[in-house]
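Chain nomenclature is as follows: A, B, C, D and E, assigned in order of appearance, with residue numbering initiated at 1 for each chain independently.
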Amino acid sequence: MKETTGQEDLLRGIWRENPVLIQMLGLCPALAVTNNVENSLAMALATLFVLVGSSLLVSLCKRFIPGEIRISVYILIIATFVTVADLTLQAVVPEIHKALGAFIALIVVNCMILGRQEAFASKRPPGRALLDALGTGAGFAIALVMLGAVREILGSGSFLGVSLFGPSYEPWIVMILPPGGFLTLGALLLCLAWWQERQEVKVSG
Amino acid sequence: MSEGNVQAGTLPPSPEHTSSFKMISSLGAAGAAAGLLIVLVFGVTKEPIERYKAEVLRLAVSEVLNDPARYETLYVTSDGAIEASVPAGTESEAKKIYVGFDADGHATGVAVKDGAAGFQDIITLIYGFDPTSGKLLAMKVLENKETPGLGDAIEKDLAFVSQFEQATPPLAAVKRSTGAPGEIDAITGATISSRAVVRIINESLARLRAPIEAYFSQASAREEALP
Amino acid sequence: MNASHRIVTASPHIKAADDTPTIMWSVVASLAPVVASAVYFFGPSALLVLAASVAGALAPEALLGNRGARSLRDGSAIITGVLLGLTLPPGIPLWMAFLGGAFGIGFGKLVYGGLGQNVFNPALLGRAFLQAAFPVAITTWPAASKNWWALQGDNFAFPLMSPKVPDALSGATPLGLMKFEQTSTPSLDLILGSTSGSLGETSGLIILVCGAYLAARKHLEWRIPASILATVAVFSAILYAIDSAHYPSPVFALFSGGLMLGAVFMATDMVTSPVTHRGCWIFGVGIGLLVVTIRLWGGLSEGVMYAILLMNALVPFINRATQPRTFGALEAESKP
Amino acid sequence: MPAKPTFRSGVHPDDAKELTAASPIRRLAFPSEVVLPLQQHTGAPAKLMVRVGDHVERGDMIASAQGFISSPVHASASGTIRAIGPWPHPNGNFETAVQIEVDRYSAQMPRRRLVPDWEELSREQTVAAVQDAGVVGLGGAAFPAHVKLSPPPDQVIDTLLVNGCECEPYLTSDHRVMLEYSERVYLGIRIMLHCLGIERAIVGIEQNKPDAIEVMRSAAPADLDIEVRTLEAKYPQGAEKMLIKALLDREVPSGGLPGKVGVVVQNVGSVATVAEVFETGLPLVERIVTVTGHGVRKPGNWIVPVGTRLRDLVAESGGLTDDASEIIFGGPMMGIAVANLDTPVLKGTSGVVVLSESEAPPKEHYPCIRCGHCLEACPVFLNPQRLGNLAMSERWDEMVDHHLMDCMLCGCCSYVCPSNIPLSQLFGMAKTALRRRPAA
Amino acid sequence: MGELVWIFLSAMVINNFTLALFLGLCPFMGVSARVETALRMGAANIFVLVITSVTVSFLNAFILEQAPYLRIISFIVVIASLVQIVETVIKKVSPTLFRELGIYLPLITTNCAILGLAIFQTNRGYDFIEGLAFALGAGAGLTLALVLMASIREESELASVPSIARGMGLVLIIAGSLSLCFMGFAGLLSSS
């Protein structure tokens, strides 16, 4: 594995290896709960908590985890943090917990988290694992908030619940429905690809 | 993609063999630690969570029973009897109802939570029913995934919701009500959702009306006998 | 003998007369009577809505299409625009019609690579998007107006803003009346088209005649409308025979809503229908069954659009499953 | 009118046969030069037997058959061999050819030859005589006639089908042969039945040639089990497999030859040539060629020495018109366009069609719109739409899975394609690519 | 009976697991390039979903009543081990079936659809039979979505898709369109 600096570890996940937009990981929550910015933020924070917690723990305990059963141990650790997050959200912000529903529990199977444990945290010191988890979590949060913003603005005419266009705005309800999730992310990827192509043309031309 | 990561992960990175004792003990240790942490957090959060749930229920019940002084949770068993508690293990067969009492201790009505399929998914609602007058007290939709801006009006449209106050079941969802008792004007463009609400209440009452009425007549008989 | 005159091409050196633009434009031409009847029934609003949806369909095709302005000449985007317009209520704000056309072409056609590559009928995909985005506006049928010149609704609502239709009469189409109020509409009104509904949901008779013309010119696969209509007729006749009080008559099922328009002009879109004859029968029967299912047991009063789109999604699978048996292949297999 | 027997699918192009259908066959004057490529048939090229400077007489063998599936080449005119080397060939390449400067003022009367009496010969000897005469299928594919006449022993042949369909538009040479040489056709059928050792023959003629049907019916000999049947006029009715399906309702298995279903198919032109061989003793040195199309001034049917250059043929037909745009060897559906006027007429050249600009206007290509017309047209029930898409992505192996090898390149799919996608050209390319690829 | 049919149809088309609930997106995006693969993946999914449903009914009835806070952890652990055991058994008993399904089984364990099924089944309080109907519907829905997606992707592989839409962009837009189509099933069987 190539050596990287701490800065790289932090920044990599935010954009260049953004889990949602580039690696297409963790799509399930990215699409399911992003019908408004508030839910997106809550989901992103919960995921960040689980990711940071389990990365730290995995990195700290990596010497005691036998290779053969490490995946099971990772899942156990992740599931523990998810349960903690689930209970905490339920106790502290019950309204948001209700809106996110089962998708908080489904953070367990977010491939992104398991992927970071396997690919990074299990091989690096805790400091690096923390940076990587923060970066990846931030990247996840950025993608979720982007999706949530587009969907809330078009689908409800508001941002974080604040009305943007006045009462006579006709909301595009489809955007907060499931097709809107797929279409928004699809369109976002098209824009990204278009932008990248333009960059390449600029570089080569 | 994701599977690739997980797949790659299943290849053992360390050549040396680990004894099964070590594996089991580390798994056991991890499991124990996880269990401990979870129980700890659960202990801390249990109280606020249950408080919130109880508060939500109390609000809903008091809304559909017009602010009773207090309410009691009772169980309607599968054979139609109403009990204050049921033996453990049979909760799922019994139906919970909430009976409201006024300050004098008179039973004023009963709130029932029920649900069924709507336009998109299950609609859950709670309604208050006064068996003495045979009229509904109110209806409140607790959960729905109906079309935003259209079907979800069953929860938000006050003109629709208020129709249930003092309506006489069995209800009927109609396009333009003629004033007959039990007629509910369906929401324009959300006929299916409106009908679902009406159907949930009708079917629920069809099942529960007789036991509830029996319970209330007994209760009033008791009251009359008491003083 | 001037050698420069001569060309060398691959065989065959002669060609059948019809090319793709001819087919497309003849579909456009055959839509003219349908458009005319829409204008006759709904007044200038019909023309405005159609113009907006056509403009919406043409804009992305011209701006983003990989064949640029050349792709406008083949007429396919105009068909999409006109067909989309015909599925809209006359009073819909023009910006919505435009948006529907642009979505249909942009996300329903151009992302797949343009003409011939798309999976879903772009007009219907645009309409499905509008249905999901603006469920109220798209089911707002204006009350009949005496004045032909009067607009049928708030056509000129400011872009992104809600239309203002004070005395809108929602769900008053024959299908809506049937589903939600158990009221039938006289068959003659249905066949001639003097009912409330979307622009193209009017005269089944005119649509049938136009379809017959196209089928005669071989620009339309007659098997598709035939199997759709036959399936709907048979299925509803069976139900009607079982319980005539609850289920509508087959005539009502055939001539109400967008079934005629869908069966003749939408389902037959060559790009999004199967290539094999057997596939066409399966496709048509599937649409017929879905239409009746959605209309009678679904949450919507009209299911033609979703039925066609769902079967569109199945077309690649149908094509795979109905590959023709190659000449001589069976016998070759039976012999060891 | 009851429906005529035919096969499923196919196309109905405008046959344009009226241009030459009524023109009697005339003999073309000997050109100053003939060019004889060694590859004029399906199979191994013939082996050269002469050198530059040799003098040859009309009918002399100048190249011998090389193997069983091969055919000898004979000098089609008396003259001196001027050169042997690459020469433009109708297939578009340059192929080895023998260039003969034709003797001037020569009457071109061949020397007296032994005319074998086929009734005295055994089946094998008759077939050998047909091979020595260099007879190949004159319908276009130029498959050596003797190969079809000696089926492998495990195949039981019961019927000889004589192909008088001439389903290619424009061409009328077979039509004229049936009108003018019906007796010769029947003699040829007798000889072939003798070669095959069978009794039954069926002549299939498309219904757009009622006069030929009439003549063939009235000329049919009473002592033979021969039937003349009318077929629907549809392209490619004359393809062997389609003809067998239409006349006998037998389906030749995929990848197999007609012998598998007990049938031998011969073109009427080949049948007449076989008869001629046993009438005159002359091998195949001339053939009947239709020169037609709106790009040529005087269309007609000609008896032409094999090897006559296009230049001479066109000049005899009054030259090209100003709007002549494409010259095709063979019919317009499967023929090959040639640009070089030095290209010679071969044994298999049934016609030369010169299309004017109005007949073959340039067509713009559009993307496939999946109309399914090609599936409707394909006579062997392939899915040209999918095959075409695969060909454009160069996915040859998947094309084989989709039965590419059953495609006979008849061109029906390209003909009907409203988007003008050159489907059959793509399939030809795919087949070539697969052939060239080293067997893995 | 009608209730069971609705549960089945709801999971299959009205609230299709993949197209409306976004569950099982990983295989939907990753293993949907070929129809044959998609079919096998779908079959494996149905299989695991049914096992999960049975297990969850059992867990809910006997263990989690007492300790609801262990829900997530016990679901994931029990399901993963069960699939592992089933995989080993299949490998021993029927190598053919293992070849058909085997490689997909471990992938499915980390699939949201499985855990999603477990959680939804618990939240909605489905009993054993209802849970089975739910699992079968969810599996059928996943398979349907997978096969539709795969056949469409096979088709568009031959199309001249613009460079910016190649890959996941187009797949997501197809998924969105399918999701739009499936909205047509809304209200099925609950309208009368």
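What we mean here is this: a contact is a pair of C-beta atoms (placed from the backbone, for glycine too) under 8 Å apart; a residue touches a chain by one contact, two chains touch by 3 or more.
These numbers come from a predicted model, not from an experiment.
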Any chain in contact with chain A as well as chain B: C, E
Remotest chain, chain B as reference, centres from CA atoms: D
Pair of chains joined by more contacts [C-beta pairs], B-C or C-D: C-D
Innermost chain by mean C-alpha position: C
Chain whose average C-alpha position is farthest from chain C's own: D
Computed distance of Cα centres, chain D from chain A, in Å: 70
Averaged-CA centre spacing for the pair chain E and chain D, given as whole angstrom: 60
Chain B-chain D separation of Cα centroids, rounded to whole Å: 84
Separation of mean Cα positions, chain E and chain B [Å, integer]: 28
Residue numbers of chain B (touch at least two other chains): 1-3, 6, 10, 34, 38, 41-42, 119, 147, 149-150, 192
Per-residue multi-chain contacts in chain A, two or more chains: 24, 72, 76, 79-80, 83, 87, 111, 114, 173-174, 177, 179-180, 183, 186-187, 190
Where chain E touches two or more other chains, by residue: 26, 29, 69-70, 73, 110, 159-160, 165, 169-170, 173, 176-177, 180, 183, 186-187, 189-191
All touching chain pairs, where touch follows the definition stated at the start: A-B, A-C, A-E, B-C, B-E, C-D, C-E, D-E
Touch list for chain C against partner chain A, complex: 93, 96, 107, 111, 129, 132-135, 137, 157, 160-163
In the complex, chain B residues that touch chain A: 1-3, 5-6, 8-10, 12-14, 18, 22-23, 26-27, 30-31, 33-34, 37-38, 41-42, 44-45, 48-49, 52, 56, 147-150
Chain D-touching residues of chain C, taken from the complex the two chains share: 1-3, 5-16, 18-23, 74, 76, 113-117, 221, 270-277, 280, 319, 323-332, 335
Parts of chain E lying in touch with chain D, wherever the complex brings them together: 157-160
Complex contacts: residues of chain D adjacent to chain E: 367, 386, 389-390, 392-393
